[in-house]
Amino acid sequence: MNSKPILEESEKSALYQKGMEELHKQLGSSADEYIKQLKSISEEFAWVNVAFPFGELYSRNILDLKTRELCTIAALTVQGFALPQLKLHIRAAIRCGASRPEVAEVITQMTAYCGFPAATNALLIMKDVFADESKQEE
Amino acid sequence: MNSKPILEESEKSALYQKGMEELHKQLGSSADEYIKQLKSISEEFAWVNVAFPFGELYSRNILDLKTRELCTIAALTVQGFALPQLKLHIRAAIRCGASRPEVAEVITQMTAYCGFPAATNALLIMKDVFADESKQEE
Amino acid sequence: MNSKPILEESEKSALYQKGMEELHKQLGSSADEYIKQLKSISEEFAWVNVAFPFGELYSRNILDLKTRELCTIAALTVQGFALPQLKLHIRAAIRCGASRPEVAEVITQMTAYCGFPAATNALLIMKDVFADESKQEE
Amino acid sequence: MNSKPILEESEKSALYQKGMEELHKQLGSSADEYIKQLKSISEEFAWVNVAFPFGELYSRNILDLKTRELCTIAALTVQGFALPQLKLHIRAAIRCGASRPEVAEVITQMTAYCGFPAATNALLIMKDVFADESKQEE
Amino acid sequence: MNSKPILEESEKSALYQKGMEELHKQLGSSADEYIKQLKSISEEFAWVNVAFPFGELYSRNILDLKTRELCTIAALTVQGFALPQLKLHIRAAIRCGASRPEVAEVITQMTAYCGFPAATNALLIMKDVFADESKQEE
Amino acid sequence: MNSKPILEESEKSALYQKGMEELHKQLGSSADEYIKQLKSISEEFAWVNVAFPFGELYSRNILDLKTRELCTIAALTVQGFALPQLKLHIRAAIRCGASRPEVAEVITQMTAYCGFPAATNALLIMKDVFADESKQEE
């Protein structure tokens, strides 16, 4: 058995390139670092992570990025275990035009769907992100 | 031990009344039926369900209702087990100004956060809601 | 490869017999039907289900059965997907001395830990169980 | 848009005050610290957390606090991700009269409903809480 | 805003075609019906479902399909809510060379990781699949 | 109430002894340390953890241990919160003959069933395990 790529490199890189553009829009300069970390674990996983959610799902012009990011924050809040990803997407939401109170409001609203523990842990992560960003702005 | 209400009825009904107004905005005429069903199970649960998420969380003027409903759809999609509530909130999202493609887009985006099975089941529910609504419009 | 039992039958049946006694305490006459259904799927699974939770976990004299059943109802409520098992354990809780309002109270309390959708679905199941039992008492 | 409180302050503070009393019963002197932390993140969230689960759900006289806390431990164990909250409620259970073996027994029983990984992680947290408390008693 | 496809059709259809080949290997003649159902809900979702898991993830030559399907059965069992998808993948596992006792064994093993309720519900689904297949073979 | 063992010691230890043999096959020399940690928390929990999954479930000769471990990795990946246990079972999978790319492949495949956040966190754990093992081999 081998693990030869199933698509021509050119085809795969079209999706990948589109995904990296999208990722930069959302994460700014931390996009490269994020992908570098994933690549150090698995080239395949890095490729699908860029190509599929960012090259395909997020790049469709049906919802604006701010709304998409708030929906992702809702999803990661109720899941409860995805706190590193929540950190990333709170930053992305702010970059895409969400205000801090809007981010806090989505997480608070989730209390009705996931209860207090998951929402509390998400708010603690949010507090860290905001504190980090305030420090960097100084 | 008794289970006497801990707040004066007047105080409790202020939150409740606010919640019912909010619930009508979102669910329209089906709000009454929804609460009637809950009351037939537990008066206490019906009260907290109206007073807390609708009287308090949803009624704060920080996010518009359409964004709130899309975030709720995101949350219920990734949880996977809350299909009756998803049905309710897809209807509410449409009432609050979301288009059908926007609802489909949020659920499709969730694939990246919950995988295909949960997203597929959410889309099947969405299809049922849209079919029901199309039938009623005829 | 074969699947020869790893313990002497005599030893295994000691755990199993203890488990069936415990199961009868909790489920009454429906215990036999429950195990018969499991056996029709998998003898192995029926054995571990009787021997492990009922022969071992539930039979330790540290908590009374009513408290154990209320804790199980709490667990199954927050999981959201285990509604057939919730039905079984609501019946068991009643058999073990819990009142109907106590069962409703545990589920309602869970709202704070799992949100409204999971708690609502659990209350709907509870309502069915209580309606069934009221019918049988007539 | 503004976010003016929807109820008169006097009404809201009735629920809040009731909730703080309840919280002190359960958490003792650490209640104030807990709420201070939440307030530093979001005044709104702190309010709903005190008013709703503690002012409303826990304060109803249908179940004794020890049983309530054991049910909450069951719920947080099976969720798997809510370990900080589990710590808090293990302390609360002990304050409300549960013995250490009873707390261990509820978590062990949960193995049947959530498997070994979630139960193991809960027991490790429990061990930390008991070690902390033993140290303070010295 | 429009939702123009982000890749040339030719590129996208390479991934899609590869995915459909893979899907046929796993599901046989029911692959077409499955995709037809998805397309009736959302063309976009049907495309990503074929292209991503089947065109990309499953088609890499690192694990044999039988092992992949058993891993998927493990995953869907512990999630608890994905019973329609479990049905599909139990059929796929059998097509890919797994024996019935092997499928039952994976689900039974999962009891240690997800508890009895999720495993019981998965075994009930498995029983249905096996009964259906036995009927068709007659 | 007392907590006298429900089975004769001799019977209980047959299951336990079988489980410890199995555990050594999978975890090697770290099996003793693992059980010692569990015993320091709860003798009962350590007993059921050895006796039930290892003495009973894993020791049946229907699936080879490598396949079993890959299925467990799949399960722990989609659960999202069981990262310490995932670490243990990645080590066990390697001991039972799985290659590093096979472990990475199972986790990557899970993306389709649990989304990217859970799979990313699992891959980060895997990277740590592989780095630890590479260091020990030097």
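Some observations on this one:
By letter and in written order, the chains are A, B, C, D, E and F; residue numbering begins at 1 in each of them.
By definition in this document, a contact is a pair of C-beta atoms (placed from the backbone, for glycine too) under 8 Å apart; a residue touches a chain by one contact, two chains touch by 3 or more.
Predicted model only: the values in this text are computed from it and were never measured.
Shared contact partners of subunit A and subunit F comprise B, C, D, E.
One finds 25 Å separating the Cα centroids of subunit A and subunit B.
Between subunit A and subunit D the centroid-to-centroid distance comes to 31 Å (mean Cα coordinates, whole Å). Rounded to a whole number, the gap between the C-alpha centres of subunit A and subunit E is 27 angstrom. Counting only residues that touch two or more partner chains, subunit C has 3, 44, 48, 52-53, 57, 60, 62, 76, 78-82, 101, 108, 110-114, 116-117. Taken as a contact graph, the chains are fully connected, with every chain touching every other chain. Interface residues of subunit E facing subunit F in the complex, by the touch rule stated above, are 52-53, 57-58, 60, 62-63, 67-68, 70-79, 82, 101-102, 105-106, 108-114. The part of subunit D that touches subunit F in the complex is made up of residues 79-81, 101, 104, 108, 111, 116-121, 123-124, 126-127. By the touch criterion stated above, subunit F contacts subunit C in their complex at residues 1-4, 6-8, 11, 14-15, 18, 44, 48, 52, 55-57, 59-62.
On the side of subunit E, the complex with subunit B involves touching residues 3, 38, 40-42, 44-45, 48-49, 53, 76, 79-82, 84-85.
For subunit C in complex with subunit A, the touching residues are 78, 110-117.
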